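Have a look at these structures, which come just after this line.
Here come two complexes built around subunit A, the first alongside subunit B, the second alongside subunit C.
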Partner chain A sequence: MGREVNPESVLGISVRRFVMVNKCIGCYTCEEVCKFLNDEQQFIKLYEIESGLSKPISCFHCVKAPCVTVCPTNALIVDRDGAVVTRVTRCIGCTSCIIACPFGIPDLLPVGHVVKCDLCSKLRSEGLEPGCIAVCPTNAILWGKPEDITRMLREKTLLKLVEAYRR
Partner chain B sequence: MVKFVKVLPIAAKIGTVTIRYPYAKPIVTDSFRGAIEVDPSKCTGCGACTRICPPKALSLNIEGGTAILRYFVGRCIFCGMCADICPEKAIKITKEFELASEQVSDLYIDVEHEVVTCRKCGSKFVTSKLLNKVEQKLSEFSKELLSLCPRCRRVEMLSKQVYLR
Partner chain C sequence: MRFAFMCRDRGGRRGSVAIIGAGPAGLAAAGYLTCMGYEVDVYDKLPYVGGLMMFAIPSYRIYPDNVIEGVEDLRDRLSVRFYLRTKVFAKNQSRHDEGDEFVEKVVNLEDLVEKYNAVLISTGTWSSRKLGVEGEDSRNVLTALEYLYHWRLYEEGLATEKPPTGRNVVVVGAGLSAIDAAEKALETGADVYIVYRRTIAEAPAGIYPINELIKRGVRFVELVQPTKIISEGGYARGLELVKMKLGEPDETGRPRPIPVPGTEFVMEADLVILAVGEIPTPPFVDKFMNISIDRSRRIQVNNRYQTALEKVFAAGDVVTGPSFIGKAFGSGLRAAKYIDSYLYLRR
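Right, the complex of A and B next:
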């Protein structure tokens, strides 16, 4: 499903990542891979909502991103693929983006600038998928064009409905 | 000896160049950088200046119910980076350089800010001014979320996502 990389979707304008929380088994693999790829910083992180129930959260790369609107130095931009990325050299560490983000995603480093998930821009430039998506053992993290993902999810719910009728 | 005599008519023509410093105003150039001045009405307490400051003369600490932006003149190297970086342009470089004092307390200049407490975990995470500024920029934003600290927001949004299914 989300496994095979469609070159068109990688180079296309808007690629989205979608986490299917019900499929996630809370194995922390995405977190470890993210740590490995980004010098010990985790941009996807699991939180324990209930005892024994951990789910991942990471940047949603909003289309109308509040962090981008609020940034005074335009350090946060939406890149070619539609991912919200930080330009470290421009960031002044004013923490406005952290306050603006509805999910509280950006992290402030002690050095004085903000870091956040960039959907593995280095891997993407080589035509590869972001680490968390490639590595997820249950394919809970999907990646593709928004219309493809919505279509797939609709098909899934339809299938479920049909199954329920058959019984 | 004869060479020195040549200077005398020039000196007589120009007159005295030095000024009576403590009584007369000192001559400082336009590009002179002295102590900084923080405008409390403009400052939002975001702490960008404290992060750029090379000698860490500026510090932002949350003590009790207030966030204090402290400027310690004794450490300042007068580089002016804080004034450059301030997103609100609240920091002004003055021409003030006579900063010696007998009291150490005179070397500290504080700007106090109100802090917002997270309604879930109770941690003080941001000054209310910065929160208001962000709120103004994002008009259609839920107030409920803004009163949560970043960590609580993550957990809150995650649990919403999970329990919807």
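Right, the complex of A and C next:
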């Protein structure tokens, strides 16, 4: 667990979440379900970055997560599936993870510890998908092996290129 | 799109729940309640499940197969029963709403309230606002809901003819339905105009989607309001509009549009699409027992999504008015949770 994990072996076995921002229609289903599953806390959240343009953001569960690296109490760890999760009892609320995260993801709660997306640990332990992935009406949030996702994206790119030449 | 995303198998709760309306709110509730173990029956007036997700939102935004997959999961894995082409309505009352064409059977709301341990009303907003101007009943004047719904029926093979098309299409309004309708009309090769009584800055859909349509050739005409639809032999030939100016903020907080007298002008159109809002369609007219609705026809509920009738709950757009899929989904989930505690505590 945690630091001992070799990212390459993690990558080999694990599935990851990919948020395809271009496919998202900004319907708020992921955010609402996340809120429902996490006592009103939103670990995937939409922002209206421009009038009429709302998109979701959540933890990327980095393979070499800076938040895990900087956490002085080992509160942040990479779990078996490659999800970056917080062990709140160990968190001292130093917020070094907030500073280290390139995406501004961890949230400091008033009670003094940091919380973030755990890719629905509880659902995963029962063999189910994280909520946001399961409910997205446009399949904009995908759950898969990185190699399958890149393959899909490359095939799509090729299709687009071929289409462009057909015109 | 999974509605029963919280369980592998059904739980141990006993009891029965009827859900009226199989849109995002109803399906989310069905997923939660069947996971808890309840017997869930879902009633919907349409031939397919999914509500506006299936029948109004263009299929390139939400793939119908995606919704169907989730519904099949509810039906096959978790034994949720679906009663389609079935409209639920209060006894001795009636109202025609959009999407009623497929109804083969009307079930009394009273009977469901009697038969089930709890009932969830999630019937959405299947009625469109009109402008209330002359000529609005012309054959080629449609509401955005009628237009998008008719396209979806055609795509699903449920209607043999395409909806009316035009070379000059004028969409009235600037909400999300207006955007979808304008985009669909653009696809048919028409010249598309969106006319709106305020400016792009106040548009309910926001600036971004309107600019995207403008880039694709849609013309956005702001600060105008239709005063009349010019019709010949029941067929619209154009609209008379008046220019508007913005005044002090109104009750919605947005500047009130005020007509400027003497600025009337005519726009030619051979298809007019009214996208000026949708209204909730509860399964009763004004009142059902002691359940009441407000001035916008929204069902009144407490903070546990419960109506004045103890065993009847309501969620989704029929409670909030038109909203986002996710907001309806979330309200369905929360209502389901309160239905569970209500049924569990009563035992």
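Everything that follows uses one rule, which is that the second predicted complex is superposed on the first by the 155 of 167 C-alpha atoms of A that agree within 3 Å, B and C clash if a C-alpha of one lies under 4 Å from a C-alpha of the other, contacts with A are read in each partner's own complex, and residues count from 1 in each chain.
Keep in mind that, in the parts below, a contact is a pair of C-beta atoms (placed from the backbone, for glycine too) under 8 Å apart; a residue touches a chain by one contact, two chains touch by 3 or more.
Bear in mind the structure is a predicted one, so any value in this text is a computation, not a measurement.
Colleague: Output check: A:C27 vs subunit B and subunit C. Expected answer is one of first, second, both, neither. What do you get?
Modeller: Second partner only, subunit C.
Colleague: Is A:G104 contacted by the first partner subunit B, the second partner subunit C, both or neither?
Modeller: Touch status of A:G104: first partner only.
Colleague: Once chain A of both complexes is superposed, is A:M152 in touch with subunit B (first), subunit C (second), both, or neither?
Modeller: neither
Colleague: Check whether A:K45 is in contact with subunit B, with subunit C, with both or with neither, and answer first, second, both or neither.
Modeller: Only subunit B is touched by A:K45; subunit C is not.
Colleague: Looking at A:L123 after the superposition, I want to know if it touches subunit B, subunit C, both of them or none. Which is it: first, second, both, neither?
Modeller: The answer is second: A:L123 touches subunit C but not subunit B.
Colleague: So, A:L53: does it touch subunit B (first), subunit C (second), both, or neither?
Modeller: In the superposition, A:L53 touches subunit B and subunit C alike.
Colleague: If we overlay the two complexes on their shared chain A, which of subunit B and subunit C does A:F36 touch? Say first, second, both or neither.
Modeller: In the superposition, A:F36 contacts subunit C only.
Colleague: Is A:T69 touching the first partner subunit B, the second partner subunit C, both, or neither of them?
Modeller: first
Colleague: Go through the superposed model and pick first if A:I77 touches only subunit B, second if only subunit C, both, or neither.
Modeller: In the superposition, A:I77 contacts neither subunit B nor subunit C.
Colleague: Which residues form the common part of the subunit A surface touched by subunit B and by subunit C?
Modeller: Common to the two interfaces on subunit A: residues 53.
Colleague: Under the definition above, what is the set of subunit A residues touching subunit B in their complex?
Modeller: Those residues of subunit A that touch subunit B are 21-22, 45, 47, 49, 53, 55, 57, 66, 69-70, 72-73, 92-96, 98-105, 111-113.
Colleague: In their shared complex, at which residues does subunit A touch subunit C?
Modeller: 25-33, 35-37, 48, 50-53, 123, 126-129, 131, 134-139
Colleague: Within the complex, which stretch of subunit C touches subunit A?
Modeller: 1-3, 5-8, 24, 53, 61-63, 66-67, 201, 203, 205-210, 324-327, 329-330, 333-334, 337
Colleague: Which residues of subunit B touch subunit A once you look at their complex with the stated criterion?
Modeller: Going by the criterion above, the answer is residues 46-48, 51-52, 85, 87, 126, 130-131, 133-134, 137-138, 141-142, 145-146, 148-155, 157-159, 161-162, 165.
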